[in-house]
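The block underneath contains the structure these notes are about, expressed in structure tokens.
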Amino acid sequence: MRRRFRGSLAVTALLLTTASSFAGDTDPQAFTQIERGRYLTILSDCASCHTVPDSSQPFAGGRPIETPFGNIVAPNITPDPETGVGSWSDEQFDAAVRKGIGRNGSRLYPAMPYNAYTKMSRDDVLAIRAYLNTVPPVGNAVIANTLPFPFNIRTAMRVWDALYFKEGDYRPDPKQSVEWNRGAYLVDGPGHCGACHTPKTFLGGDKTDQYLQGSYLQGWSAPDITNNSRLGLGGWSKEDLVSYLKSGHNRVTAATGPMGEVVTLSTAHMTDPDLNAIATYLKSLPGKTEQASPLSANEPTMAAGAAIYRDQCSACHGLDGKGVAELFPSIADSSMARSDDPTTSIRIILRGARSVGTSAQPTAPGMPSYGRQLDDNEVAAVLTYMRNSWGGAAGAVAADQVSKVRLDTALRPD
Amino acid sequence: MKDNHSRFEICRRELLAGAAYFALGVSRSSATVIFDHLPWTPNAGDPPTAATPGPWLFFAGDEGKTVEALADRIIPPDPETPGGKESGSAVFIDRQLAGPYGRQDGLYVRPPFLKGAKNQGHQSEKGPAQEYREGLAALDKACKDQLGGKAFFELSDADKDRVLNGLESGDFKLDGVDGRAFFEQVVKDVQMGFFADPIYGGNRDMVAWKMIGYPGARYNYLDWVSRHNEKFPLPPVSMTGRAEWTTRTQR
Amino acid sequence: MARRLPKKDVVIVGFGWTGSIMANELTDEGLEVIAIERGPWRDAPTDFPPTYMQDELRYRIRHELFLRPDQLTFTFRNKMDQTALPIRSWGAFMPPNGVGGGGVHWNAEMWRFLPSDFVVKTHLTERYGASFLPEDMTIQDWGITYDELEPFYDRFEYLCGTSGTAGNLRGQIMEGGNPFEGPRSRPYPTPAQAQPFSHTLFGKAARELGYKPFPQPSGNLSQAYTNPLGLKMGPCTYCGFCEWFGCSNYSKASPQTTILPYLVRKPNFTARDNSEVIKINVDKSGKRATGVTFVDTSGEVWEQPADLVILSAYTMFNVQLLLHSQIGRPYDPVANTGTVGRNYTHQTVSTVNGFFDPKKFNFNPFIASGSIGMCIDEFNGDNFDHGSHGFVGGGYMGQVQTGARPIESALVPPDTPKWGAAWKTAVKENYLSTVKPGTGVHGSFYAYRDIYLDLDPTYKDRFGRPLMRITMDLKENEIKQNKFLTDKFAEIIKAMGADKLAVQYRTGPYDITTYQTTHLNGGAVMGSDPTTSVINRYLQSWDVPNLFVLGASAFPQNPGYNPTLTVGALAFWAAAAIRNKYLKSPGRLVDA
């Protein structure tokens, strides 16, 4: 019977006691280093890419990672000597994680977030290695590069690295608190939040001037996670943010899709001080400042949206848009619903969504699919209404945006 | 045999059937093993398929006309609310009889079929579709035999009502069919079509719901549960929505 | 040949309320548990979403969520000398199907039984003498007392977030609650639901007539709630689509909202859907269950071995599986021997519809929940002196109108034609001003020697096995009881200000085509004597000690309340016995 990987992380103790049988060159007494590596593996969310969902073979690779240029398949990072990283030297492992240089000297693709992991120290990376050496080796040969020409030419990555890759450990900002610095390290280093939340250039590099202001990937729009009060986390308290990362739910919203996976595999297992550090750091980012003014309730789209909202949405999200804390997201307080890029909101209305279930919040409530009930005009109208009600303001959503998401997501799994 | 409805008639039905629904419903009929997390599939659900526009699917010959005539006497039109024919009850019955209901899908239809007491339930091998076919034929034959060669739908309203009163009381007998039971079934079905969601072909434009003040397929009356003896202010909504959902309509 | 699956500690047959409760309790004990369910997995966002669930035709009239009789049905007759005929389409009751079972499509009434209900034989005999009971009545004590069950009532109420007003808090009678209820250790977890107009009128009229009305305890919640497992429920929005329907907004207590999201996360739990258990297997001694055999939808036959078998299907399927598995001795009403199939009961329900002046009354009757309503309990159980009435038993009554879905609720006063212009006008005038209590009078149904379940000699199921046969009628005691209660109820509806009443007594013969609740009970009853019960007070089979049979099939007779709260409390009670007693020393928990 195949169990999801969540179970495997929870039974660390068991893994540790049996480590010697898989240990390769790891000293079975290296408890501290392995423990640290286990936690860094969680912070780095390695499992998201390197474990196939629902697989009983953690870190055996094989999961295709969608990039704008094609799919890259995550490699096997178990200690298997032939198909995994078992026979790699520490130098080779460190170079891959922090410099994006493969074992044979070729360049990795930045789907592997080495541009973030470079902020970790060599000790961090070797601790991760020590932990990975304790997981069961799995023989699973993965052909990583399935990109089409010309992206399949790895040497092209030299150019990319020159443009977008800045190598180096995290350097604390002495003007900031220890907690802030820890948060910055977690967000920019192992947590690699920018991989999803910072907009990308056409070559896939970070638009650093729009740091963490929301992006698009894999059929989802990732929201602005700066302290911008209209679009970002400005309306959230630190506690709201910690609760969200820890349990996947808070009084405003719920995690689903890729973020649901991040919560399940990574943030739910982080320590409270680390979650607070992340919150402190993100809440310190001002984000962009431009304002929007709400559409008039008399606009035909708004009137139609109000009718649809009353009839179809209010049973859960409330006549006041407030939802039910930790169960049904508050549309009134949702900056996500007001994102410049409404892809995720459209997608959730069309296809429905299951929010993440965690031990702290096991309910995992679901949003039904409205894609057959509402046509593109109706989805656009109700979303426009939600974006511009209860004190919120954001641009109207057009029917063709809905059509586009409908088409784009038609063949995607969740 | 196809009926010969005019093109105009067909267009009317297309409108009446509303937006086409895609039959993409994910039905979970195969055995699955569930563990670790709640199952989830995007686009899940099995919304109803809207009654298809177009000609009769089940009724043949004059059957459709007869049922429309029955529907219009059971629910006569009045100045405020259309009758059973105009509101689509015959379309509703036609689509129901052409579908799983008419075929007795899912019911226990193994023999032997013995005659029992009424309180033991219906024991006929025939499904509703066959019973309608026989009942409508017997009704037309009885009308032609007893009322100057005219089929039921050709009678005056007064004569139609006389026939229906006779069926209800048992005085007007049908050959080989329990006329009273058949009439009871038709009354039930015509009224059912009148009050069911318009997606099934009857209750066009929610006329029945508007007539009685039923607000339809709503899900939230939290703001009204404690407002005693005050009329609920919103119009009805069907599974396909209401006029106010479209941006063209300004309130 | 069945394919054999790896052995589990526990196999659970039927994944509704009791199966879910037991699975959660036994996985807490560290046991490997598998639940096998005949129907599909179901959940609000995927299977009964608010986009299309409010569909009276599909769910009420065409029975969408229920078992298809083609898959399994029963035969029915009133009396032993009649030929039973198959129930070809459901009528009197609606057998559930699918994960969550009846917990998906119930109204969520959360009633406790009276303390005297559990010792009804002793109590009535002491008060009125043995000769007061009809000769063929076979009521018996449960073998458990209210006080023993109270902690488990409490657990189920808190699991569900039940909304209500306490009437008896640790012996103290509380204003506004049911003064007749047994003492409860805690108040309800959430306050009573808001009451619509007609429900409050009933409360007022009842109070003026000297009764003590109280809000019906409800599993549709008045406010958001987090249950002891950490699961969140939302507030009910009074949509009026509870019974026959699944709840779309997490506000009705069901296994889906109160247990399953927590249970599926446990590494020692697995569920299989669309798989029908066709037999409980026993070893050669006949005294030990070895597991179950089931068929999946592809037709593949599987054997699931297990150390402990929990039979937690609907009443009828529990009894039928025992008969088909030849566990226990089938009941023979002539010889008065055997127990499996004995003391089968239903519920004696009736109602009174009230037609009010449309110019003065607008009830907005569509605003409701499944267990909303104001009730009185003066005429339940033995809350009143039966001495002069010539019957035993009783029931609660109330304006418990659970919605006004128009196919069934567009009513006309009694003297109106059934069709035509006059009918149309009357429907239009009366819809908003009619009081239509669902089961306005909810009476007990006591057990009789010749009302029972056995296997039919003629009709077969899809596997060629005999269908189970229902022999069921309404006896004079229940008809008298219903007449008395219905008249009392009509007085209150009249006092509310109704111009016209439509009084619908429950009369014989028992009619399998008319819905009378899905509260079927008995057939595998609990008790302290193995000659008159199938299971002991811990719901453990007398014959096969590693088999427990949960659900209303355990009720020796049916009191005048909805059964689910007691069904759930008994499941918790049985689970506690397994955890605290059976696992320490597997074997009979009660000496025969």
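Descriptive notes on the structure:
Letters A, B and C mark the chains in the order given here, with residues in each chain numbered from 1 onward.
By our rule, contacts are C-beta pairs under 8 Å (C-beta built on N, C-alpha and C of every residue); 3 or more make two chains touch, one makes a residue touch a chain.
Please read these numbers as outputs of a predicted model, since none were measured by experiment.
With centres computed from CA atoms alone, C is the chain lying nearest the middle of all the protein shown. In terms of the distance between Cα centroids, subunit B is separated most widely from A.
If each chain is reduced to the centroid of its CA atoms, subunit A and subunit B end up 50 Å from each other.
In terms of their C-alpha centroids, the spacing between subunit B and subunit C amounts to 32 Å. Centre to centre, using the average C-alpha position, subunit A and subunit C are separated by 46 Å. Multi-chain contact residues of subunit B (touching two or more other chains) are listed as 33, 35-38, 40-41, 44-45, 47, 217-220, 222, 239.
Residue positions of subunit A touching 2 or more other chains: 1, 3, 7, 312, 314-315, 352, 354, 357, 364, 366, 368-369, 372-373.
In subunit C, 43, 45-46, 49-52, 235, 237, 239, 248-249, 261, 265, 267, 270 are the positions where the chain touches two or more neighbouring chains simultaneously. Residues 40-41, 43, 45-47, 49-52, 54-58, 61-62, 68-71, 73, 76-78, 82-89, 91, 194-197, 200, 235, 237-241, 248-249, 260-261, 264-265, 267, 269-275, 296-298, 361-364, 366-367, 404, 406-407, 410, 418-421, 423-424, 427-428, 431-432, 458-460, 509-513 of subunit C touch subunit B in their complex. Within the complex formed with subunit B, the residues of subunit A that make contact are 1, 3-4, 6-7, 54, 300-301, 303-304, 307-308, 310-312, 314-315, 319, 350-354, 357, 364, 366, 368-369, 371-375, 377-378, 381, 409, 412-414. Taken in their complex, subunit B has these residues touching subunit A: 19, 21-22, 24, 33, 35-38, 40-45, 47, 217-220, 222-223, 234, 237, 239, 241-242, 244-251. Residues of subunit B touching subunit C in their complex: 26, 28-41, 44-48, 73-76, 78, 81, 100-101, 105-110, 112, 114, 116-123, 161, 164, 168, 187, 190-192, 195-197, 200, 208-209, 211-222, 224-226, 228-232, 239.
Here subunit A touches subunit C in the complex through residues 1, 3, 7, 312, 314-316, 324-328, 352, 354, 357, 359-370, 372-373, going by the rule given at the top.
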